[in-house]
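Okay, so chain A shows up in both of these, paired with chain B first and chain C after.
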Partner chain A sequence: MNTSTFVDGRGWLYRFDPRAKILLMILLCVFFFLPITLVGLAVSVLLVIAVGWHNTGTRNMVSVLKSITPMLLFMLLFAPFNVRGGEVLLSIGSVTIITVEGAAQALRLACRFIGITYVCTLLFATTVMGELMLALRFWRLPYKAALVVTLSFSSIPFIAESFSQIGESHSLREAADEEKKNYIQRLKDLLPTLTSVLVVALRSIPNLAMSLEMRGLGRSETRSSYRSLDSYTHLFTDFVISITIVTVLWLIFKA
Partner chain B sequence: MQQNRNALKLAVTAVLTAVVVVFTMIIRIPTAKGYLNLCDVAICFIAFTFGPASSFIAAALGTALADLISGYAQWAPISFAVHGLEGLLIALIVRSKGDHEASFLRKIIAGIVCMATVSLGYFALSALFISTAAVAAAEIPGNLVQSAVGFILGLAVSSAVKRAYPPVSALSW
Partner chain C sequence: MATALTITNLRFTYRSYDGIEVEPLLSNLNLTIGEGERVLLLAPFDKGKTTLAKIICGVCPKYFPGALEGSVSVFGHDLSLTEPWQLLTEVGYVSQNPAEQFIATTVEEEIAFPLESLGLVQSEMAERIDWALEKWGLTHLRDANESELSGGERKRVLLAIQDAIAPRLWLLDEVFDDLDVEWRAHLQQVIAQEGRTTLVLASRYLDEFADLFDRVLLLDGKSVVEMERGDLLDRFAHLSGDDRPNPLGAAPIEPRHTHTLAVEDLVVERRRRNALRAAPFELVVEGFELQSGEVVTLTGANGSGKSSFSRLLCGLDEPKSGIISIDGVPTSSKALNRTVGYLFQNPDLQIFLPTVEEELAWSLKRRSDLSSREIKDLVSEAAELFGLTLTDTPTTMSYPGRKALQAAVYYLLDRPFYILDELDSALTYHSALTIIAHLRRRGAAILLITHDRLFASKVGGRGYTIEEGRLRDA
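Presenting the complex of A and B:
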C-alpha cells in the first residue's frame, strides 16, 4: 500500500513555503464559495489546473481528473433537474427538462468541485509529509496530534502487509471456489482475516508505547528534530503572494 | 505513571488510526461519488472495544487520512466530521461500567445511530459543500448498506478479538 501523496517535481509550488501553501489552499477553497461570476469561477479553476499541470506534470493532472470524472458526470447529469425556474433550455412537450439557470448551477457545482479537489491534491502532491507536519505545527496543530499522525503513517505499511498475508493464508485454507460464493458467505469468510489482522495490530501497541517512553515522551525540554522549514526563507513574501492571488481573483471576478 | 499512560494512549490512538486507514483503503468498491469500504467495521470495532475518546480520534483522523491518501482530499473534512461523530456516538451508547457487555437494546440503538449518522451526515454535508441535495441523496442507499454491514461485522469482530486477545481490555481509555 502506497501512502505517499508526494509527486516529484521542480516547479515553483515546490519552492513555495508549506506554511503559506496551507493558507493559500484554505483561501482558495473559501474563494470557490464566494459570490463570483460563473466565467470567473471557470477561469480560476482553469488557472489552478494550469498551475498544477506546470508543477506536477500531465500524468498527475490526468489521474486527479480521472478520479473525479464519475462524480462530475453524475453532477452534470442530475444537478440541472434541481432548478425548475427560469428560461427553458430543453423541454419535451409541456414538461421542462433543463433550464438555463439549472445548467449554470450544474456548471458552477462542477467547477467548484474540480477546484477544491485540485487545490487540496496539489498541496499534498507538492509537499513532503514531514514538512507538511511542521507547517501544521506552525499553524498550532498540537505536538501530540502531529505525533499520532506520523506514528499512524509508520504503522500503515505493517498493518496493510499483515492484512494481505493473513488474507492469503486464510484463502489458501478455503475449499470452496471463491467465485461460487454469495456476498454473505464472502463477508463471513472475511471475519477470521479481520480478527487476525486486528490482533496483530493490537499486539504492537505495548511495544510502541514502550519505545515512546524510552525516547522521552513527555519530557519538559523540547525534542530536537532533523527536519526544519529553515530552507524556506521567504515566508512573509509567500504569505503576501497567497493573500494577493486570492484578493486579485476576487476583485476581478466578483459578481 | 501518568507519563506511561500518556505513551500508551498515544500508541493506542496511532495504531487504531492506522487500522481505520488500512480498512478504508484495502477493500474499495467504486461508486458514483467516491467508494464504499470497510471503514465502518474498524470504527464499530473500536467503539465497542475502546472508549469514546479513542473512537472519535481514530475514526475521524483515520478516514480523513485515507481520503487524503486516496486522492479524495475534498471528502476529508466531511469524513472527519461524520465518522468522528459516528465513532463517538456508538461508543457512548454501548459504554458500560465494569466488564458488563452492552444490552441487546443498546446495540440495536447503536446500529440505528450508526446508519443514521453516516447516511444523513454525508447527505447533509455533501449537499451543503460539494454537490446538491439530489446528487447527495443518490449516495444514501450505498452509505446505509456500508454502515449496516460495517456495524454487524464490527460487532462480530469485537467479540472475536476480545476472546482471542484478552489484554485488549487493558488498552482501552
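Presenting the complex of A and C:
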C-alpha cells in the first residue's frame, strides 16, 4: 500500500545527516523566495538538479521532471499574461501579449517550482523512512505527526503507481483496429482513470488504519525505535555545511 | 485445554449505503478453538470468511461498518471492550490480500513496526528481524519495497511478521495462495508445530491440508458446522460447485484462425529500485510457444519472474534482448498490447467505470465496425455468460464478481491470446475453470500462471516452469 520514495544509492547525500538534510531543505526552499537574480535562481536550481543527478541517477531525475511537466507547462503558458507592464516582447496589433517582465516572472515561478520539487524529492529519495522519522522527531515533531508526514509522502508514489497501472490496463483494452487517439479522446480517457485511482486510494484508507492498529499503534508502551541516527557522526559539521551552502548562494546571487 | 477463541451467537450485517435492507452475512455463528489447536475453516466464496477474520482481530465493524451482535472473546479478552492494538500479541492476522496490510516502505521496517510498538530494545528487534527474514527467505529483500515484491514474497513478509511478534493465535486467510511449492511445504511445517494455535480460513481444499489440522469446519450458510470430514468435504465441494463436471471438458472450442505466439532468446533484466545491493533479477527464455486453442500452465517459485515474463508477452515492458513474434512475424509492444490479453492478479486495476454495462461497452465503443445495437447485444451476451448484472456497480461487487467482470471485459476484446495471472487465487476451482472455458471457447490460447498443482492438473495440457532464471518445459 505504501510505495517507497527511497532510491538506493551511494552518493554523498546518503551519508549526510538526515537532521541536517531537513534543515538544508528548509533553508533552500526559503532561499528560492529571497530577492536573488533570475540567473542566480536558475543556476541554484541547476546545481540542485546536478547534485540529485549525481546522487540518485538520471532515471530518478527524469521521472521527477516528467511528473511535474504538465504543471510546469501550465505555469509557463499562463503566468506571463499576469504581468502587463514593461517592455513588450510580443504583441498583436496594439494588444500586448507578453512583456519581458512577464516572461521573467514566469521563468522565476518555474525555477522556484522545479527547485522546491527537487529539493523535497532529494530528501525523501536519499533518506530511508525510519531515519526520516527520527530526524523529524529530532526537530520536535510528535511521533504521530512524523508518521503522518512519512505516510503521506509514501502515498504520493503509491497513487502515481496506481495511475500508471490503471493506464497500462487501459492500453491493454484498446480495440485491435483503434486509430491513434487525439487529444480530446485522451482527455476523455483521463476521467475514468482518475476515478479508478480515487477509488483505489479511498479503499486503502480503512486498510491502512486497520493495519496500523493491528501492528500496535496506540499501545500504552513507549515506542522504541529500530533505526537510530548513531551512524551519522558529523551532525554539527553537516549543520554548518547546510548553512554555508545557502549563505554562499545568497551572497553570490543576491539581487 | 484452555480456550483461545470463543464466538457465541455472532450475527453481522454490513451497513447498507443505498437504503436497501441488507441480509446478515453471518448469523447464529458459534465457534470455539482451544489453545494449541489447529483448525481449518472452509468457506465458499463471499460467505463471510474474511469478515469473520476481521471481526476476530477487532477491526470489524470498527473500520468496515456494520451491525455486530453476539460475543467474541480471544484469550479471555472481550472484543467489545478491546482495541485492536491490545491484541498485538494475542492474534496475528495474515490477509488474503497481502498488499492491504503493508504500512512501511521496506520489508525490514515492516517487521520492525510492531516490535517498536511493543517497546523492544534495538538489539532484540534486530535479532528477531534477522531470524524472521532468514526463516522466510527474505534476507536479500530486506530493503525492498512492497511494490517490488511478488505475491508470494508479500505473503512471506506477513508470515515473517507473525514469527517476529509470535502471537498466541495465528489467523491465516487463504495463506497458501501465492506461495510456491517450497514455501507451502515450509508453511505446513510451521503450522504443524506443537503448541501453536492456528485458524486457517480457505475457500479451496488443497492437497497440503491433509492431516495438517486437528479439526476441519465449514461455514455453511451463515454459521459454522462440524461433521465427519468426508461428508464435510463433499458438502464443501457441492457448495463451491467443485462437484460439477469440469467446464473445460465440456466447452466447445471454435477456432476461427490459428495463431502462434513465440519467443526466441529473450533476456529480461530488472533491478529493484530500493535495494541496489540485491542482485538484479534476470530471466532467460530460449524458446516459448503458445498456439490457438491450448491452455498452457506456467509455474515457478515466488519471484522467479512469471509476472515479468507476462508483462513482456503483452507488450507492457521491453525485453533487454530477444524477439517476440506472432505467426513468425516480430511484433511491437503496441501490437502485443492489442493481441495478448493480460488479466492482472488484482481485478481492481482493470475495472474502473460506474456500472457493469459501461465497463463491458468501453472497449467495444472504440471499435469502428460495430453499431450501437451490436454493442448492446454483445454486452448483454457477455453479461449473461459470466453471470453479471448490467446495472451493478463494480466497486461494490464481490471479489469473484469483479474477477468475472474482468474476464468478461477481456472476453469481449476477443484476443487470440490470454495470460491469466493466478486466476485461481481466491476463486473456487469451478469458477476459475469456467472463466477459462469461456475465454477459450472461440479458440484463444491461454497461458495460466498458478502455484496450485491440483488446479494445474484440472486444466491439463503442457506447461512451462521457471527455474534458476530460465524458462523450460515443465
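Here is the rule we use: the second predicted complex is superposed on the first by the 171 of 255 C-alpha atoms of A that agree within 3 Å, B and C clash if a C-alpha of one lies under 4 Å from a C-alpha of the other, contacts with A are read in each partner's own complex, and residues count from 1 in each chain.
Heads up, the rule we're going with is that contacts are C-beta pairs under 8 Å (C-beta built on N, C-alpha and C of every residue); 3 or more make two chains touch, one makes a residue touch a chain.
Small disclaimer: the values here were computed from a predicted structure and weren't measured.
Judged by the touch definition given at the top, the superposed model places A:233 against neither chain B nor chain C.
With both structures placed on the common chain, the touch criterion links A:247 to neither chain B nor chain C.
In the superposition on chain A, contact of A:212 is made with both chain B and chain C.
Look at A:163: by the touch rule set out above, it reaches chain B but stays clear of chain C.
After overlaying the two complexes on the shared chain, residue contacts for A:174 are found with chain C alone; chain B is out of touch. Using the contact criterion defined above for the overlaid structures, shared-chain residue A:37 touches neither chain B nor chain C, since it reaches no partner.
Once chain A of one complex is fitted onto chain A of the other, the partner contacts of A:128 are limited to chain C, with no touch recorded for chain B. In the superposed pair of complexes, A:148 makes contact with chain B only, with no contact to chain C.
Of the two partner chains, both chain B and chain C are touched by A:195.
Shared interface residues of chain A (contacting chain B in one complex, chain C in the other): 1, 3, 5, 151, 195, 199, 203-204, 206, 208-210, 212-213, 217-218. Within the complex formed with chain A, the chain C residues making contact are 54, 57, 59, 62-64, 83-88, 93, 99-106, 108-109, 112-122, 125-126, 129, 143, 145-147, 161, 272-277, 314, 316, 337-339, 341-342, 344, 348-354, 362-364, 366-369, 395, 409, 413.
By the touch rule above, chain A contacts chain C in their complex via residues 1-10, 128-130, 150-151, 154, 158, 161-162, 165-166, 168-169, 171-179, 192-193, 195-196, 199-200, 203-204, 206-219, 221-228. Touching chain A in their complex are the following residues of chain B: 3-4, 6-8, 10-15, 17-19, 21-23, 25-26, 30-34, 38, 41, 45, 57, 61-62, 65, 68-69, 71-74, 76, 129-135, 138, 149, 153, 156-157, 160-161, 164-165, 168, 171.
Across the complex, chain B is touched by residues 1, 3, 5, 33, 63-64, 67, 70-71, 73-75, 78-79, 81-82, 105, 109, 112-113, 116-117, 120-121, 123-124, 144, 147-149, 151-153, 155-156, 159-160, 163-164, 187, 190-191, 194-195, 197-199, 201-206, 208-210, 212-213, 217-218 of chain A.
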